[in-house]
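After this come two complexes, each holding chain A, first together with chain B and then together with chain C.
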Partner chain A sequence: MALISLLAVSAIIFWCVELLPGDAAERILGRNATPESLALLRETLNLHLSAPERYLTWLSNLLSGDFGTSLVADRPVLDYIASRIANTALLSGFALILYIPISIALGVITAINRGRMADHAISVVVLIFMCLPEFVIGILLISIFAIKLAWLPPLALIGQANGFGDLLRLIALPTITIVAAMSAYAVRMMRESLIEVLDSSYVLMARLKGLPTWRVLLFHALPNALGPAINITALNVAWMIGGVVVVEAVFEFPGIGRLMVDSISHKDVPVILAISMVMTGAYIATNLIADVLVILLNPKLR
Partner chain B sequence: MYGKDILRLSRRKVLACTGAALAAGPLSVALHVPKSWAQAKTLRIAAGEADGATGTMDPAQSTADPDAARINLVFERLTVLDDAFAAAPQLAKSWESNATGDEWTFKLQEGVKFHDGEAFTAKHVVHTYKRLLDPKTASPGASSMAAIDPDAIAALDDHTVRFKLKTATVEFPALIANRFTYILREGQPESELRTAGIGTGPFKVKQFVPGEDVSTFVKNENYWRPGLPKVDAVELRAIPEESARIAAIESGQIDLVWDLGRAGVAGLQKNPDIKVVTTRSPFVLTLSCWADTPPFDDVRVRQAMKYVVDREQMLQLVLRGYGNIGDDNPVAPWIEYALQAETRARDIEKAKALLAEAGHPDGIDIELFTSETTPGFIEMATLYQAMASEAGIRVTLNKAPANDYWSAVWLKQPFVCSSWSGRGADDALAAPYLSTSDWNETHWKRPEFDAFINEARASTDVAKRTELYQNAQRLLREDGGAIISIFPDALSATRANISGWKLHPQQSTKDFSEVEIG
Partner chain C sequence: MTASQQFVAQVKNLSVDYHGDRGWSRAVDGVSFEIANGEALGLAGESGSGKTTVAYSLMGERRGASSVGGGQVLFRGRDIFAMPERELTTIRGRSIGFVPQNPMASLTPSMKVGHQIGEMLTFHSVPVPQGTQARVAELLDSVGIPQPAKAARRYPHELSGGQQQRVAIAMALACRPDLVVLDEPTTGLDVTTQKRILQLLAELKRETGVSMLYVSHDLASLAQLCERVAVMQKGRLVEAADTASLFERPQHDYTRKLIAAIPRIDRPPAGHPGATPAGEDEAPNLLEIENLRVSYARRGLLGFGKLPAGADTVKGVSFSVQRGQTFALIGESGSGKSSIARAVAGLARPRLGTIRFAGTPLAALARQRPLHLRQKIQIIFQNPDSSLNPRKTVRSILSRPLGMFGRLDAAGREARVAELLQAVRLDPAYADRRPHQLSGGERQRVAIARALAADPELIICDEILSALDVSVQASILQLLETLQRERGLTYLFISHDLAVVRWFAQQIGVLSRGAFCEIGDTETTLSAPSSPYTMQLLDAVPRIGASPAAAASEPERRP
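Coming up: the complex of A and B.
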């Protein structure tokens, strides 16, 4: 099933890229193109072959484990995208590490303080972050923490990092931006489902048994309330893997999303296809993991 | 039941912790951090144009701005251009031509060494030019140097090279001071040229991988000009978002940037930690129409389109005063051979009369293509639309995507915004307006104009040559299809502790050898 999806995605993406005007040779030569140099370059890049021929060549190479060579960068696709995937994984990893406890904690706080000041305050802030596009959050953070206060560097130029602490400083602002944008949904989802669970009769039963509140929350209510939040998280993770393009652009972060955008503008088909495969694969995988987690948490589904 | 639940949860916790640990493992491996950069004096540069995966260091294939910056760090040319675009020596000490200007002999610098220790001699020059002109190289620069006979480039001795030209070219030493003619080391394999070229320049390539954001260069300890370069290493990256570029220099993440917008510079000028460095440049911003396509095929329409422009206002509103006024002539007034004429003043009545004479008493409707690809295009087009409407020239703006503007719109649409980097008089006139040019963006083909240029190229007498170049400019100004109202300055900025930096008015030339930190 997953393999069929991957194959279908690759064919659709290839066809879509074919529909875009121009080709890699034109994009490489740009303003300096002459008919002779274009023809010569097309020949070297195999762009003179027909579209189905090129797709089938790509597919048969892929089946033997070869992702091909970037038309534009002239280096193996795998080597090219690996460092970008590592960077995106790094950023997403840090974001996730912050995101999970923050969303759960805020969700719990708002739910148990329902209707009180704490709930209103957090809900309003969360709503604001939900409405603001990531690039606005990013630019706001840059102007406050990097320009005004000069606490953190504005751009995530991770090539400049000198050690792990430096790296943390460099990716702090993009991480916070992603977390702010992502947790908004999760906090609200967490709050709603926890309120529902807290109102249920089995929680009342647990309370009546005389269990302390933290125990009721942690072992009785929370596991049942996590389900929807996990699904939201799966979507969020997929969004992150798909490249938080906007965040990467604002902070100049060399991630997979930027590479995808660049490759599309250069019409670098092998790179576009490889990234799509990786993204699709990751999407399928995160959804699978989320489903498994939800089943694990819910005895009724087991 | 309760106890069982706790057990189950704790098992899950263990699972979760293991999962997190597994996920964190590869993350920490992913950090490959360059060491030993902290102590060395590293100049951190950010270009505005991102060439991404198309980046190259092969001079013959150089197209983008970061390409030119990298090539300038590593390679050198026989000649360079001074601020007025006249030829000055670099790897060539001196030069002379025969009486007819079709045979040129260059004396080379002695004692210059390539990065690998090989002595720089005439054979490397011969190799470089033969490769550049070889159709197999398919260099976009070959056509502009078609005058050189590739089979007659000869090394007379180790430090003398002779070029024979198919057509006489008096400006030959200036002609070869372009972005393609950097001297390569003969014997270096073709496959290395894109990423690891060996030159004679002030810096050596440490790492350059197309598509990766930073390229790094280290000082050439054996550089032939004494005392240079003044920094130990250079880090070059592209930051395409202007706001990000400005934030980076304001916070000190970057030492030197260019490609700044006029608004950005105005903001930076208030910051005491930043030095704004502007250079007068003959960079051309133009509105170009096809002189063979109605309604532009009537010279009176083209003139009316020129009369509607208020050039001073263009300068103030599009460039915020950072620039100079143009007079529909691509040769800026301070350039060698420039025509000195009174700037065309705005005259709406005259424009209306010309339009009426040309059979358009009710004005004309035209479509102008613009794009964000070059800063200033959108402002110039919008302002032109407003200025032209007063004379009954109704302009519809069509904003095209920036990423394929030069392949999909330029040379494909009859009325477009265009730009040309600063050039000397001959190149500025010939590249866009000669009828044989591949880039004839105005479809304006005048045998008289071609004759002026070709004759000027062959005249060894300076006065005669000046007159011919000026005749060509006069003809173009009156009859041509280019509306050139402004020459933007080149704008760059450095941290306050950086000295010795100036943008060269020839955009593809960037000399970092004298830049100093602290």
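Coming up: the complex of A and C.
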């Protein structure tokens, strides 16, 4: 299944890029191109071959583990994108580490205080974040924390980081942006499913057994309420893979999202394909992990 | 001895109010009673009588948006609603055990059952010299669960309904409480399982001397366990007496009505005309079933390979139903009775066998049958909550079959809806209501009206009484009999309750594991049963007047 998806995605992306006007040779040589130099460059880049031929070549190379060479940077694609992947993974990792406890905690707080002030206050904030696109959240955060208060740098140029503390300061704003946009859905989902579980007979039973509140909440209610939130998280991570492109653009963050945008404008097909393969792979992997987690949490499905 | 020593719990003039759509309403109104040490008190009443609210208040629990309007609940002399939360937590579970109505929904699905029992010992700091695990196994053993150590490592869904209830009972008794509150503990169970659970409770009561508050709508099962019974109606306690005198000399009209509603295997219900004896007038067969086999087992990959031997849920069943009569299919859950119903209704494809209706062989699935045949066979399901679309009005629920099978204009349809509602003894004004605005019994009447809307000849009733109170059951049965007389209907009536069908069905087939172990006319079959299984089922029917001691002294049979 996963392999078929990957193959289909690669073919669709390839075809889409083909539809765009121009090719990499034109982009590299720019306005000074002569027909001769263009033809020569096309020959070296293998662009004189037909589209299906190039796709099949790329595919057969891929099967032997070769992602090809960047048309623009003239470096092996894998080398070229590896550091960018690491950067994005760092950003996403930080975001996830914050996202999980924040979503669970806010979901629990709203659910157990349902209808009271704490619930209303948190729900309003969450709804606002749900409605705002992530680049608006990003710009909002920049104008408050970087420009008005000048606590944090506006751009996340992590190549210039001096040690771990500095790194944290640099990626704080993009991380918060991603977490804010992602948690909004998870908090609501967590709240709904926990409210349902708190109304269940087994939670009543646990209370009538004379167990302390924390025990009822953590051992009887929460494990049975996490399922829907985990599924939402899988969708969130999928969003994050795409949304990271926008957030990286806002904060000038050197991740694969920005590289993707640049490569598309250069029609650097091997890089575009490689990045989409990585993104699709990550998407499939998260869904798989979510499914496994849901099954592990629910003994009926085990 | 002071009063607080003599009684485990005292309820003094308790009133509870609920906040609903129309402001506050009184659900419990000035109820007083007490439970003596070692006594089992039964609390009877229909749903909505406030009996469950009273039971929960004994544990200091206010259900939903409710508040105590007045009075006190004293546990060992201490006011439970005036207690600080901490103290209440130490009494719950430790001194007052609780057995819920629906064990499947009341056991935490993500936690092993042994763990759920063990945590009570841990959190109530009960000394267990032998170790928690060993104590849990002991408890499970004491409630009759085989291989207790292994069962402790199971999740709730891996146990049968009866075993789940046993686990809940073990849990309630884990800390050796003074009082156990039981909220309809046998309602969702088979008759035979019901009987075993009642026997278990009687045994445990004798061994441990624990006091009980037993809440049920089923007077017959209360009678087997309780020394005293209190009857509630519309929030008030109308009568309380020791069990024997309550049944012999009921003082209140409502109590008399409740007692009369209990299905009796030994005598027909009041006002019953007596079932017409079967077979004498030789009515033609309306439904004939030959060698019916239903299987849910899947073949191997892609449908190849052999079915595993003995995988059929229904194993070659043949019977016939005469026009205008009632055939009862009796059996425990899993006996295949619902599978037969679904096959006749065309909802499931049988693996083998023929079903003939008025002499015509029927296609396997309803959608392959011609419209006029589909119209003549209707089915009513067990749970009207889920078989009626909650978003539709009663009018549109009833209009759908009318539009499908009849050619009526709007005015004619409206008249027919009113007529159908009257036929099931409901006010025609109910047409504008939605299912949630009706009581359980009223909903089942709407479901019957929907079946009647098609103008059927055969109605399949699949456990249609089991979600209803005993007194409501009696009125629905009466309605079905009236409709049968008026319209010459034929019923295929599926039930697990012998006492219910005893006076209602002319023919009976007792199913066990997918095959008939007995079939014949009801009178002869039940007066002289030949199969041990039928005898066991008959034995499980609660007898009124049997003393609690009699129920307890009988050794428990375990399969």
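By definition in this document, the second predicted complex is superposed on the first by the 300 of 302 C-alpha atoms of A that agree within 3 Å, B and C clash if a C-alpha of one lies under 4 Å from a C-alpha of the other, contacts with A are read in each partner's own complex, and residues count from 1 in each chain.
As a convention for this text, contacts are C-beta pairs under 8 Å (C-beta built on N, C-alpha and C of every residue); 3 or more make two chains touch, one makes a residue touch a chain.
These numbers come from a predicted model, not from an experiment.
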Comparing the two partners chain B and chain C, which touches a greater set of residues in chain A: B
First, second, both or neither for A:250, with chain B first and chain C second: first
Partner chain(s) touched by A:263 [first = chain B, second = chain C, both, neither]: first
Which superposed partner A:219 touches (first chain B, second chain C, both, neither): both
Which superposed partner A:300 touches (first chain B, second chain C, both, neither): second
Contacts of A:205 with chain B and chain C, given as first, second, both or neither: second
Chain C-contacting residues of chain A that also contact chain B: 219, 223
Touching residues (chain side chain B, partner chain A) in the complex: 5-6, 9, 12, 20, 23-24, 26-27, 30-31, 33-35, 37-38, 44, 50, 52-55, 63-64, 135-136, 138-141, 143, 194, 209-214, 235, 237, 239, 241, 243-244, 247-248, 250-251, 253, 403-404, 406-408, 410, 438-439
Of all residues in chain C, those that touch chain A in their complex: 59, 61, 88-94, 98, 100, 102, 105-111, 119-120, 123-124, 155, 157-158, 168, 171
Interface residues, chain A side, partner chain C - complex: 200-212, 215, 219-220, 223-224, 297-300
Of all residues in chain A, those that touch chain B in their complex: 21-22, 26-34, 36-37, 40-41, 70, 72-75, 80, 83, 86-87, 89-90, 93-94, 97, 139, 142-143, 146-147, 150, 153-155, 157, 159-164, 166-167, 219, 223, 249-252, 254, 259, 262-263, 265-266, 268, 271, 296
